[in-house]
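Read from first to last, the chains carry the letters A, B, C and D; within each, the first residue is number 1.
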Amino acid sequence: MSKRGFLNSLSVGKHLFGKPKTTCYPFTPKEPALRYRGFHLNDWDTCTGCGNCAEICPNDAIEMIEIAELESVPGMKNERPRLDYGRCCFCGLCVDICPPGSLRLSRDYFHTHFDTDTFVFTPRDDKADQEKFVPDESYSVLKASLSHRKRNYEGFSSDLDYALFEPERVPMPEIPPTERKLSFVEQVIGYSKEEAVHEAARCLGCGLCEDACPAHMKISDYILAVYNDEPEESLRKIYEDNPIPAICGRLCMKHCEDACALRLRGEPVAIRWLKRFVSDSIRDYKTVLEQAPGQPTGKKVGVVGAGPGGLSVAYFLRLMGHEVVVFDELEGGGGMIRVGPPRYRLPLASIDKDVDYIASLGVDFRFNTRVGKDVSFEGLRQEFDAVYLGVGLTKSRSTGVDNSEKCGLALDFLRKNKTDRPTAVTKEIVVIGGGNVAMDVAREALRLQQIQHPGEKTVTRMVSLEDWDEMPATSEEIEETREEGIEFNPAWGPKKVLLDDGGNVKGLLCMKVKSVFDDEGRFAPTFREDEEMVLEGTMIIEAIGQGPDFSFVPEGEFEKMEFTAMRKVSVDEDGMTSLPGVFAGGDIVNINLDAVTAIADAKIASEGIHRWMQSK
Amino acid sequence: MDRNQLMKWIKAPTKMAHKYSLNAVYFCTGCGVIEVPPTITSRWDAERFGVVPTATARQANLFLITGYVSVKTLRAIIRTYEQMPEPKYTVGFGSCTINGGMYWDSYNTINQLDKYIPIDGYIAGCMPRPEAIFVAVTHLWTLIDKDMADGYKRYRKNYAAYRANQEMILGEMEWPPIFQTEVATAITEREG
Amino acid sequence: MTNPLGTRLDATFKGVELRSGVDGRLAVVVPREAIVPVLTFLKEDGYDYLQLISCVDWIDRGEFELVYLLSFYTEDEVGRDGGKQEVLLKATVPREQASAPTATGVFAIAEPHEREIHELYGIHFEGHPRLTPLFLDRDYEIPPFRKDFDTKQYVADVFDRVPPIDEEG
Amino acid sequence: MRELELYFGPQHLGMVGNFSITLKVEGDRILEATANPGYLHRGFEKLMEGRSWIKNFPMVCRINLVDPDHMEMIYAMGVEKLAGIEVPERAQFVRSIYLELARVSSHLFGLWAYANMLGFDTVSNWAMYHRDLVLDLFEELTGGRVYHIYVWPGGVRRDFPEGFTDRMVSTLHSIGGCVPDYDTTFFNNKLFSERARGVGVVSREEALAMGGVGQVIRATGMKYDVRKVDPYAAYDRVPWEVHTRDDGDAYSRICVVRDEMIESVHMIFNLIDAMPEGDVYNRVPNPLKWKIPAGEAYVRCESSRGELGLYLVSDGGEKPHRVHFRTPSYAHGLAILEKTLVGANIADVGNIMMSMYVVAPEIDR
């Protein structure tokens, strides 16, 4: 360490002539990195208000607050996250878990103030909040703050590969189309245990689905129970609102999955299949549920129709301790559910499993007894303290074109197939209609053709007024039907049934449809007279919708019943019709036409009946 | 910037000179101190704004409280703050001084700092960047111009309340109250 | 236990229970009194590096579990020389009037660890040179790291009760 | 001479960080020193018991403010070991590059502190300027300047943005280019070496007895580095060697730091060349209800200050049951510092403390 060691450190003087290294901020601006984690931006249109960001925030900096000007819609609450920048640590966990990806961080980070209240901030983005996000020319760094920010200055934003939730659903094992069209065995095989736990792990527990479900089932609770590997606890949670899980597990219109927070950038949680997994994995409900009917109240309730509505009313009232008798003309429970859906979607065993459990609670089921024929409606009203109408839509409508009496009706066709003597089908069948029932009819006809004419060439055709995008059937249903090779003729209307000289059906003369609905959206089809087509077919089945059958109500009473504009039975908030003591619910009251809305009506009606009977 | 406005220099030279020579006391109170060295060294160079770290509280008039304040540090902060000559300004760095930040549920950190000593300005961030610190300094200038940076006057006026809060947390404090209430009110009147 | 160290430990101490090692570490459970003798034995055996003394509060079992983690300095590039591996010495201490013998006699580094555990868990270490407070300024009736001390409740009782300074006039 | 008690308190020009030492002094010589930490105690481990596994991530990197990345890494390794998550190959390389970059940035901070302490302002300005260039790289990679929250159980949070490796290489070359200047003005400068030689000598026996790690024992000639002894991430796939010095004083400690910094830069270049393609994140189950099976794990990694250990206990719930960080400054700042200060003079307190790289929040957690 000679003296030179001291002197040669002066050689560093060469840096005197280099470029100055100081960044003279704020005069020479410095752009933050593209991924910088600054203040929040939230796109209020895609934000569902699910609250997962508030749930994941490690410092409780995010609080969901009600926004008056937004209105709450199933799948979109009117709550938006509010940030407290006195707590936030800018970690970006909320951005990574935001299912719709609406919450992201910007590259703004300037905010200085002496008052701590200004650090609480409800983020919006420059699309919606023009006066806070100023254009570049009027943006000045010295005035920058939470209320003076730059436009499209996006920083750290969500990326699906690194999201904290699992966008893809656990694939559900199914029987492939070629194999499933040969038999009536159940198409969806169902989740195994660890598949169900893995799927249940995807649920973030935000509760959007519970608001969307007509019956307001406790969905996040029972999915959490499936995740914790306790199917018993999960079944108890289901049974608090829905007494027919096996049926709903296979059939529900799943409003909840349309509202699931994960739907926007991934597949929603398979809530219906998880409910089915729970009901399948428990052999005997009774041992698990230990539900005992309440103290007998000495009151008796008659239920007309053992459909989802009737079964639920019976279940809820039985738990309250009332005597319940259910009348149904079919040989088993389920009502329209027993007749309509084919066995490859809903095996009869599942229906009976739910119905038998309700029966085991002491509900008296009287099958093969049609009210109005074997038992009179008036007799019912005297014998029972209250009556519940859960009859559903049982009459199939016909197109009314000439020779239409030669065609089969959808519900009779489906009902006959449930018995041991299914309908004899020919090799060429034409099905009229575009709804879910028409799809079921066509697919059942296809299977009967394979069974009754093995090896021969068979054709199943569908003709529907509606075009591809207007068909009322669900897209899954249409997709599955096309997979099985059924021919579609959308936007054609039936004109005349052609008969051969022997008087039996030869084909269907069809006309091209110009439009189905008029400008107010009412069903008023118009046709192009010049364009016609003949569809060969030795058998035609009409599946164009069902109507209610009130023939069992005597004339005098029927006038007193009031109906709504949509020709539905009008009921008060307790579910009581205009006839005192007569309650109603299900497809004859609401327009949703699905099982879970019938259950929701049944819950309301059962409380209504209970209050009404106590007040009597 | 109003650096070249001559009139201001003539009208209130002490305030202007005071504004451009903010000496920050060299006390690293919390985890925000990691952003102070880059600010005072060559890359960002806070000296362009007149902010220079000084050794002791006696020569300082700016107190940067960087980050969360634990109970033991609160004692040191209050002591340092009270040793600083007036006029003095305090700036709270980051979320922890505003509403507890990440350690809002910790048994050893205080949540709102302005319950114990007056704060003239908070900077958002966890940790505020050097650029945010410079913009905050410009905001402090405007506050000083408008005489709104009056933390120390508020401290003197409500000293009893501040002292009470401090003793609620720190128990007995080993130095007596620095303002007898009569003396404090006398100074405030004189200053008007 | 084919583990060489395990057999030697069995030979010298009777109340020693050996558990399978957690990822290559031998877990040795000893009664409270046997801590210092086992530590000295291990130190002579080459485990000269006491990494940490930790304390786990098993409140449902009503006991503290003191964990002494012993390792060794090695210059060997590959790591394990001569088959040695780290030892996890565990001893349980009852929660009421918890006390344990000090290890400062054997390892000098034990002194701050034990002071910290004394302050945060309330375990008294007999024979410790200075059990004065290390971190905390305030005194807490329940030592803060115990499971029955609820921080959120404490913040609500103490810090949130301090009134904000309201500007009179 | 009369004995005096001097508070080398939290507010002191010679003190970097919030830490205080009470010195019993006779004239200029220190008779007895008692470290007095606790100014930065937030009860980390208690707070972490109240948060679920993923929520602890933003908190864990705030334990050591100079080198937050090794804290994230050690917690990620602990959680992965307990939950049995494997990390994709490329993520191991990304983690190693990220950690070596963090080591360079934290060594530069140490160099700033030490040079500033001894009055070498030119060197400290350079060091902080170069560190700021590294922080720009971090900001581009992770989105945060100091606290990156980038290492994640199951890999890392985002992959390299394109063109990042070239910018990183060019920045490191520009820093490497200044090494001769650092040497002439600081390391080989007689002014500094006279000031640091023979100060704060820690013999190997003392260091080992008091649990010294990292630079403190590497300066006594012992080749002990966790990246070699217990390799993690991609450290065993790239050739590199451990640097040591022999006489255990402040000068050799800071020279070990200098060699390690250069070694890290070379290691980054090798890692970049050997880095495979592929994804960098193996998705973790839903964090809101992620339960980790009961068990305990002890993981180690070599942080810039020495060996960092984490003892993690899970009782099968959604939150950790017990977290205990064994930080290098714990041994250096309390046991070894108190012992080496005895006999030194007051002016050297900062010198010794900074050469041992003591960081206050690591002690109090």
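Here, a residue touches a chain if its C-beta (ideal position, glycine included) is under 8 Å from a C-beta of that chain, and two chains touch if they have at least 3 such contacts.
Quick caveat: nothing in here was measured; it's all calculated off a predicted structure.
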By the contact definition above, name the pair with the higher C-beta contact count: B-D or B-C.
B-D
Most distant chain from chain C by Cα centroid
A
Between chain B and chain D, the Cα-mean centres are separated in Å by 30
Averaging C-alpha coordinates per chain, one finds the centres of chain B and chain C separated by a number of Å equal to 41
Counting only Cα atoms for the centres, state how far chain A is from chain D in Å.
54
Whole-Å distance, chain A centre to chain C centre, using C-alpha means?
55
Among chain A residues, those touching two or more other chains are 21, 58-59, 89-90
Multi-partner residues of chain B (each touching 2 or more other chains)
42-44, 70, 72, 102, 104-108, 112, 114, 126, 129
Residues of chain C touching 2+ other chains?
135-137, 144, 149, 151-152
Contact pairs between chains, per stated definition:
A-B, A-D, B-C, B-D, C-D
Where on chain D does chain A make contact in their complex?
51, 54-59, 122, 129, 136, 139-144, 147, 149, 157-158, 161, 181, 184-185, 188-191, 193-194, 279, 281, 283-289
Would you mind writing out the residues of chain B in touch with chain A in their complex?
42-45, 48, 95, 98-102, 104, 112, 114, 119-126, 128-132, 134-136, 138-139, 143, 148
Residue positions on chain B within touch of chain C in the complex are 70-72, 75, 104-108, 110-112, 114-116, 118, 154, 158, 161-162, 165, 168-171
Quick one: in the complex, what on chain D touches chain B?
9-11, 13, 16-18, 38-43, 46-47, 50, 58-59, 62, 65-66, 109, 112-113, 116, 124-126, 128-129, 131-132, 135, 145-147, 361, 364
In the complex of these two chains, what residues of chain A are touching chain D?
1-3, 5-6, 8-9, 11-12, 15, 21, 32-37, 52, 55-59, 89-93, 96-97, 105, 155-156, 159, 161-162, 164-166, 201-205, 224, 227
